[in-house]
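Here's a structure for you.
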């Protein structure tokens, strides 16, 4: 059975490696900045991950949603908190967010299954 | 042979059930509102479905397009009317709408085949 | 007292004239196509204007909304029909559409005042 | 001297009143839902306001940003937390968010001045 | 082994043929205009293809990106120039462009392999 | 008579100074990256400015368009080349780009007047 979480992470890692190997300084710095932005600051990491999640959801970027769902779970976000975040996204961004909500709920379930199997 | 219409509807139903089971009141109300919005009002259902279709098309939401194509066909929208609606979407939203137009025409064809087999 | 309708139309006309004077063939054809797209076809002009309005609203283009509100009123769209169209835009496009709904209602009022004064 | 905060709130209130007077049920329910969504839930109000802010910022809706900035300040969000939220918006949404960041910083300053004068 | 380039082109051609067979004049003219817009003008074809690429990337349209990548390679765009174009897209459009950058790099690789096999 | 070019630049500078004074590292780095991205690289500055312009236009960011128009003129972009770039934006991004085209042509004219007066 295909593992949605592993598939996503492996493709992401493989392509990120190729992109960074290309030595485009702007892209490298953006990747680097992405890591730094979500570190502990005036706001805790958990809040930042929810901010990243809602931004990804209203901009309707499935891969970005998956990435933040995974980080959110690692930072002890509960399903209720995740759903509340997605409900804000659906209200602010409209019903066009719903197809991404479906995929988010599906991926969250895959992450839960992954967590049980570790 | 996979049936695009059934696949779409089954996945959509399965995930909607999971989402609604989560008991997030905001999301439940948005789902409920979605049903009410497209009911007969000052504008007929058929016009509303075309409004939903063009909104989905310019916002480039394939699943939303499919949903409104299916409702549109049930409400006696002809292919010419559907194409005219999509032409407005392509003009207003630009050539980035074209990939979604391709998928819309493909799904409409699947809906026509489905209708013949009933 | 500044007249919002006249101001909008005068600026629009002045700049359109300058743009068309520049003799860029692609832009000229798009302007020309815009006029043709909203003519009577398989769908009546009134429905097409509502399609143009909802597309403009979810894409949050105030000037496009104003343009279609004016054409809609000329084609006997009632306020109830306009509001129903905007309600679909607000549901599908989310609460970020609301600021544009405010301006739409304000411009519709200006159009009504304009109509009384003719 | 014009007061940006009062101007914004007065126009917003005036037009919301007109919109709600129109008795469109879908729009009324969306307005009502908007109020409920940002109430205390599994997530605290402060976090929800930051989620509303970042969603508004990446969708580049100045009026929505202003609305959430005002609520954020009322809920004890500090300037550092606000800027951190906006930095996530600028990274995720790109440099096209910067003009909205400029207006956000300007409005935050107006809110601070307003607070001093109370 | 599936050939990503051929698959993309065949589906695109098949659906374009169906769309054009439908005889919707607005859509036909937009398709026609699309061909004319990217022809040599005041700007060379190569620059125009990069403009089409960056526009497609910030609007996050994978199929449009693929189409312009293929034309760009035919017009002697180097990988470094392509990556520099995509870096502008990622800065201006934000990190939500990154998933499309991954697919762009993957498709460019497929185009390079295709070129070797001719 | 208000000078559109000076007004734009002064407001932009004033707010950028305030933003950078806030010492948010992520935002500082994005501002810094913005400067570096548009420097000579594998692509000449002039091409990069046109890429920045078309990206800003399809994303419908008036302030970003103005910024790139000013840089484009400094880098010897002709009006014909600017209009050709905007025509690609209007085709790819749709007729919702037209209101931004109007403002772009107006600002270009202001830049031309400014250049004559120097």
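In this document, chain identifiers A, B, C, D, E and F correspond to the written order of the chains, with residue numbering beginning at 1 in each.
As a working rule, a residue touches a chain if its C-beta (ideal position, glycine included) is under 8 Å from a C-beta of that chain, and two chains touch if they have at least 3 such contacts.
Computed from a predicted model, the values in this text were never measured in an experiment.
Asker: How many steps does it take, at the fewest, to get from subunit D to subunit F if each step moves to a chain that touches the one before?
Answerer: 1
Asker: I'd like the angle of the rotation relating subunit B and subunit F after CA superposition, in degrees, nearest 5.
Answerer: Angle of rotation between the two copies: 180 degrees.
Asker: Which listed pair, B-F, A-D or D-F, reproduces B-C with over half its contact pairs identical?
Answerer: Most of the contact pairs in B-C are shared with A-D.
Asker: Taking each chain's centre as the mean of its Cα atoms, which chain lies farthest from subunit D?
Answerer: When every chain centre is compared against subunit D, the largest gap points to E.
Asker: Looking at D-E and A-F, which one has the bigger number of contacting C-beta pairs?
Answerer: D-E
Asker: Using CA atom averages as chain centres, what separation in Å is found between subunit B and subunit E?
Answerer: Computed from C-alpha means, the inter-chain centre distance equals 27 Å.
Asker: In whole angstrom, how far does the Cα centroid of subunit B sit from the Cα centroid of subunit D?
Answerer: For subunit B versus subunit D, the centre distance works out to 32 Å.
Asker: Using mean C-alpha positions as chain centres, tell me how far subunit A is from subunit C in Å, no decimals.
Answerer: About 38 Å separates the centre of subunit A from that of subunit C.
Asker: Indicate the residues of subunit F shared as contacts by at least two other chains.
Answerer: Those would be 26, 30, 33-34, 37, 56, 58-59, 64, 80, 84, 87-88, 90-96.
Asker: In their shared complex, at which residues does subunit B touch subunit A?
Answerer: 11-12, 15-16, 18-19, 22, 24, 26-27, 30-31, 34, 56, 59, 61-64
Asker: Which of the residues in subunit F end up touching subunit A in this complex?
Answerer: 25-26, 29-30, 33, 36-37
Asker: Taking the touch rule as given, give the residues of subunit A at its contact with subunit B in the complex, in rising order.
Answerer: Touching subunit B from subunit A are residues 60, 79-80, 83-84, 86-88, 90-91, 94-96, 98-99, 101-103, 105-106, 109.
Asker: What does subunit F use to touch subunit B in their complex?
Answerer: For this pair, the touching residues of subunit F are 58, 90-97.
Asker: State the interface residues of subunit C toward subunit B in the complex, per the touch definition above.
Answerer: By the definition above, subunit C touches subunit B via 30, 33-34, 37-38, 41-43, 47-48, 50-52, 54-59, 64, 78, 80-81, 84-85, 87-89, 91-93.
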